[in-house]
């Protein structure tokens, strides 16, 4: 297992990154044109009402002060109040986050289940028809925008064949699995195409590596060679990729949640942007950044568990 | 200057040998054919599209594919084929402009940072960490929100995020090349850093960058059409595949051709780029020692 | 600066107490935990004079700092401390035009024939670039010079417009030599020039080097680990152990009667071509200590069969013994034995 | 001669290994035949790419699936070529063990050294976990790794190159194989370490009666270690015989040239003999003798007619049309120096 | 006949945030308020004001006070009695300018008092709209005791806590559960006062489930798949298709919704250049040059109607005998000639990015106007930017939509035409006569006189053409055949009180 000091070092690295992330987020949101007050009040409000709203949001303070307030509040878990939803941002996000995390995990799982076995099949039959077929299908998957995959799945599997509900979110766990199958699948298709490509390549490479040849020369059984020597080594780079594609996955949920009417943070992000909901955009972007960092951290840990060479900090 | 005396025949020979190898691969041939067609459509839609992509024909609303309208018509009676063809112009442009500036900026930054290392590299590393901590689309959407929707702003937004990926790649590649003795030889020969970076290291680092660029252009189309679909990219009535799909979104079951045809165009073009990219990755891979 | 003695020829290169340390990057948590920065001591006070027109062989085990020394001389690494003088002038802090000027006279050739040439440039491009950047020739003279150089290193006529991957390893090394010679240097640093080549090809390159040296009066620093080859090529040989010279002397005497126990072990371990003179016990046991953690006293004491308490305590200095210099407290007794 | 009493354990007959398309195969090893007796160390020399490693791999059947092996490989009378994976697995590691060329990449970087040794034991012995551990420690001790018990749980990257090579040997020796295929076990190592490892292999072969095929391209290593030697060139054998005979009295122009290009008994700084040209690439071999292009005594028939490996004395075989001319040519050369 | 019991599922386009009479400010909030909180008076099916919680109302002759008597035995959903104290509490909250955005509607109210079931509103000045306001969502009656018990330091927090806990209500439904952004369930309020057609209290349904599906196509797919019973905001493009679906009823509820395009009437543009649209003739010409029937076909798929006045035909006091500026290109040409602009000029249409309707509008207008030499250019912005441009007058023409929140013409008239409120919807149109009439009408207690004032204002406005008068659209809701009686009122409120489901 990775040592505690490795974990500690890895956690420390996050701090400067996060300060920068906070600066980015803050600046970005301040740069949004249009007045959140106008966005909030829509057309009907009077100028005095707008002024009041601005004051309540602290938008009449100088920028550095606003930033300090932002940092301080963020650290205490207070992300402000959503303009659009008139509730504490933290509360809203916490309420919506599980859905997105569920969707994310679900699609990662689907992607792995889809790509893993097929990558093995392809790598063990390099350039044979099976391999070519698998790669072609996934190549097409790679060229499809997530929203389009979503639409196709929605039209064919839900609207036409009625195998799955059209959208929305279930109430129980199983219900959720059923409801989120299509959104998860449409995100997973792209991710699995990437995983397949990478896993196939690294399997081929590992199968050819000296230590695998050496393992065979030792007369080890096929099962041991495959699991202990091939799979584990091939996974090292795939895990990194999986970690890196979490960003993709998040982007994917942004779109699918909209297409499939899934009430997660992805859709909320789009809504918040269209509504110029400063605090909510801020909170959500931060949430995404935290999510991605957590995933990066986890992949690092898994990787260093897999690969002892990475354990020295 | 030193190129002048080089025998052009030899150079040509090399190029044709490379092409020969390339064209003996079915995947490259298919990808290349798709891209060539896409570029032709993007350059000359006015000659190739049968109808005006914007003209309403209230007498021919949502007609299915027929001889007159091979891809059918949309809810304003516009010819879907013509709109898909005109969309090539927008989407191919997107593929190019959304990536080229990121490429130029990223490669330059990456080359310098990779060569000099040190504090600039540390700062760069932190920035990269911070930027890749945001999901790509989240950041792009947020920047588009800053700048307002539209194609040019979309290019700016994508470039603002995307250069990091090129820079990262170039940096790694330059660092790897820098470890080669020819770079040290350049220093011993008293060459300037600029010469070493741009004449020696960078030319040797281009293959993976070009390969990445190819896939990135495919990604740019996917991203651009996603933004168009969400209403943040190209704007209606302009024809762009994402926008066309969004327009057809309401008629998935009744007028399926409205969204299916542009969908096929996206997939095909993306396929073209990735096939060519994959083939190049194989072809440009340095020959074993 | 010490006035050159009118009697002995003054050294072309003179290296004094050269130290090179590489600091390993320290992670944030190391810094916080107050762990000291890890330092690789690649060179620990090297003293060396190189005479004009001589060939100085440098041998030692992997990681002992041979390449680092070569790179410091060529100006690729900036030493941590110490001095390198070329014709009496310090070259450590040279910059810009003066650095270029120095490198024009001191050139380096590299070990790996596969990575030392830019794969995207033809041989002609490579040579022309060096010639034009330094304005060695003008106009048509450039191409004449390229042909001349290729001739010099015995490459066929058609070679100029080929790319490196079209050549064999030995030919590539010769291109590397041509490139170094294009600046008309007086001193060549050859870092493992032939180590990567097949035995059948090594001789071609070594012969060429010897010939060029005689013709052009070059000074050569010949870094290698093949003792037989070093002995054949060099006038003098320096043996390096853990970043310091332990013995230096005329090639013949050093190989015939090594004074330092390490030199002795090195020679004993080298496989002999005579199948009848087989020895059964290994010449030396144990591994080379890590340069991260160099033993105190004589760095060789952990592997030395003759080590005493003095060796563990006190670092011997390089002192004249016999025909050369040796850094061993007991050089006379051991060498004599 | 008591050699005759020793049993021939491995008999390789007309081995041919090809890669690539069946229509246009790349023949890496062609028509190679040799025998190895119990307790004997056979040296296999040749330059890079001459097919040494492929020969060894062919014996164990691990060039599959992409390489095709033809001919007979009789292991104690049983042909290994037609055997399936399952049957081969019982031979691999248990009766025939192999050490790979690259100690850096041949150990799985993700697994502890202890596990990599004991998985071999688990596959070929009935030992339980505790006994395996004890045996692993014993093996590590045997190959000279200090503090073996503590190092079992270390990972390969925590070992130096020489130690890794020793770990490989420990793994190979785990189940007391009758034949050890050692593919350049020391090329990556320093002379002092090389010396230690060669002594180790020699001792094991002598003490355990283990047959060894030692691949190397260093004639010195052969001279110091092997009982017999086979010289390979371009995928074919060109000369075999007892070590002393081949080194002292080589007959093939390639062996002769190779031995002559090593500086030995020549005046320092004089030109060495060099074999002209570069090693051939496998896709451009002539139908006849592979050495034709570089051979000083080649005649017109050499290009088209492949010379047979003919016996020229007890245990001596040479494949050359112009043996006599070669000998004359090289003696004349020697006299000229 | 009507059947009681059962549940229906309704697919909404957006979620409510806080359904509180005072804080509701977005349509998804305020259109739900009356489902939970009953007002003293109600809007009848024809738009006339009818009694609600109050048995009736009585406006004093001087117009300075109103008396209302609550019905007997009114109870909240928790069974507690609904009394005058609750009314005073609710109305005081509603008119507190510190709280919600709608307090201005009750600006004329000086004091609210109650004596048992007798409620009296004292006014500072006569207000002809006050009766309508008492039928408007923001005066819904909340339970004083329960609200004050809710946790929170201020009214805002209390309102939120009250709402989150499943509020005690006075309307036909109570809120049973809610998952923000996803779903919401209304339960029948057993104590609701109003009887149904079978004589027993409303509502007929036991439960209404709401699911939030912002995407139009997904919402419709869900309806078609039978996963929901009704879907609101059907895009007009789909109306034809859904009407033909035998399992569905395509309802087009009359609405007060209008789509129009404010025209900048200022003499100069923001950038200082001369504004050709300042000339009323030019504005009229553009109106004449616009073929509304084509727009109605393209944008609303023939579900809309041309505007006949500044306000929708469903608004009280509407006056508009015929569609405004029927398509007449010759007239347009002539007017432009008179304005001295026969040579043509450039106009920019500011559209909402991503809006297909705006895109259509632009394409169509460009084609319609180009024969006149009017070169229409497009500028695409997002919603907040459009709002800002509207406020600062930095536009030529842009599109807007409107639906009344109050059942009285004053709101829309003030919004569109009264300069002092918002510079006449940002157009800068400042007509003294119109302004005077508007001010007078706001204190006019004589209904006949007020009606007359409104007629005049509408005529002046039509003549002045500070807008491109486009069209009115209905509320399109598709409902499963098994559900009856669902209504969306002209003001947009979702009314489930008389909906029922056939078993």
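All chains are identified by letter, namely A, B, C, D and E, in their written order; residue positions are counted from 1 within each chain.
Convention: a contact is a pair of C-beta atoms (placed from the backbone, for glycine too) under 8 Å apart; a residue touches a chain by one contact, two chains touch by 3 or more.
For clarity, every value in this text was computed on a predicted model and none was experimentally measured.
Following the contact convention of this document, A is the list of chains adjacent to both subunit D and subunit E. Shared contacts of subunit B and subunit D, meaning chains that touch the two of them, come down to A, C. Averaged C-alpha coordinates give centres for subunit B and subunit C that are 49 Å from one another.
Centroids built from CA atoms put subunit B at 23 Å from subunit A.
Note on chain placement: the centre of subunit C and the centre of subunit E lie 89 Å apart, centres being C-alpha means. The residues of subunit D never reach two or more other chains; the list is empty. Touching two or more other chains at once is no residue of subunit C. In subunit B, the residues that reach two or more other chains under the touch definition are 145, 148, 230, 249, 252-253. Residue ranges on subunit B touching subunit E, taken from their complex, read 54, 56, 58, 75-76, 145, 148-150, 230-232, 235-237, 246-247, 249-254.
Across the complex, subunit B is touched by residues 71, 74-76, 99-100, 103-104, 107-108, 110-112, 114-122, 124-125, 128-130, 132-134, 143, 161, 165, 176, 179, 183 of subunit C.
Residues 47-48, 144, 160-163, 189-196, 198-199, 202-203, 217-221, 223-225, 243-244, 247-248, 254, 257-259, 261-264, 266, 268-276, 278-279, 294 of subunit D are the ones touching subunit C in the complex.
Of all the residues in subunit A, the ones that touch subunit E in their complex are 33-36, 38-39, 41-46, 49, 84-87, 92, 95-96, 99, 154-155, 158-159, 162, 165-169, 258-261, 263, 267-268, 271, 274, 276.
The part of subunit A that touches subunit B in the complex is made up of residues 13, 16-18, 20-21, 24, 28-29, 31-33, 139-140, 142-148, 151-152, 154-155, 159-160, 244, 246-251, 254-255, 258, 269-270, 273, 276, 281, 284-285, 288-289, 292-293, 296.
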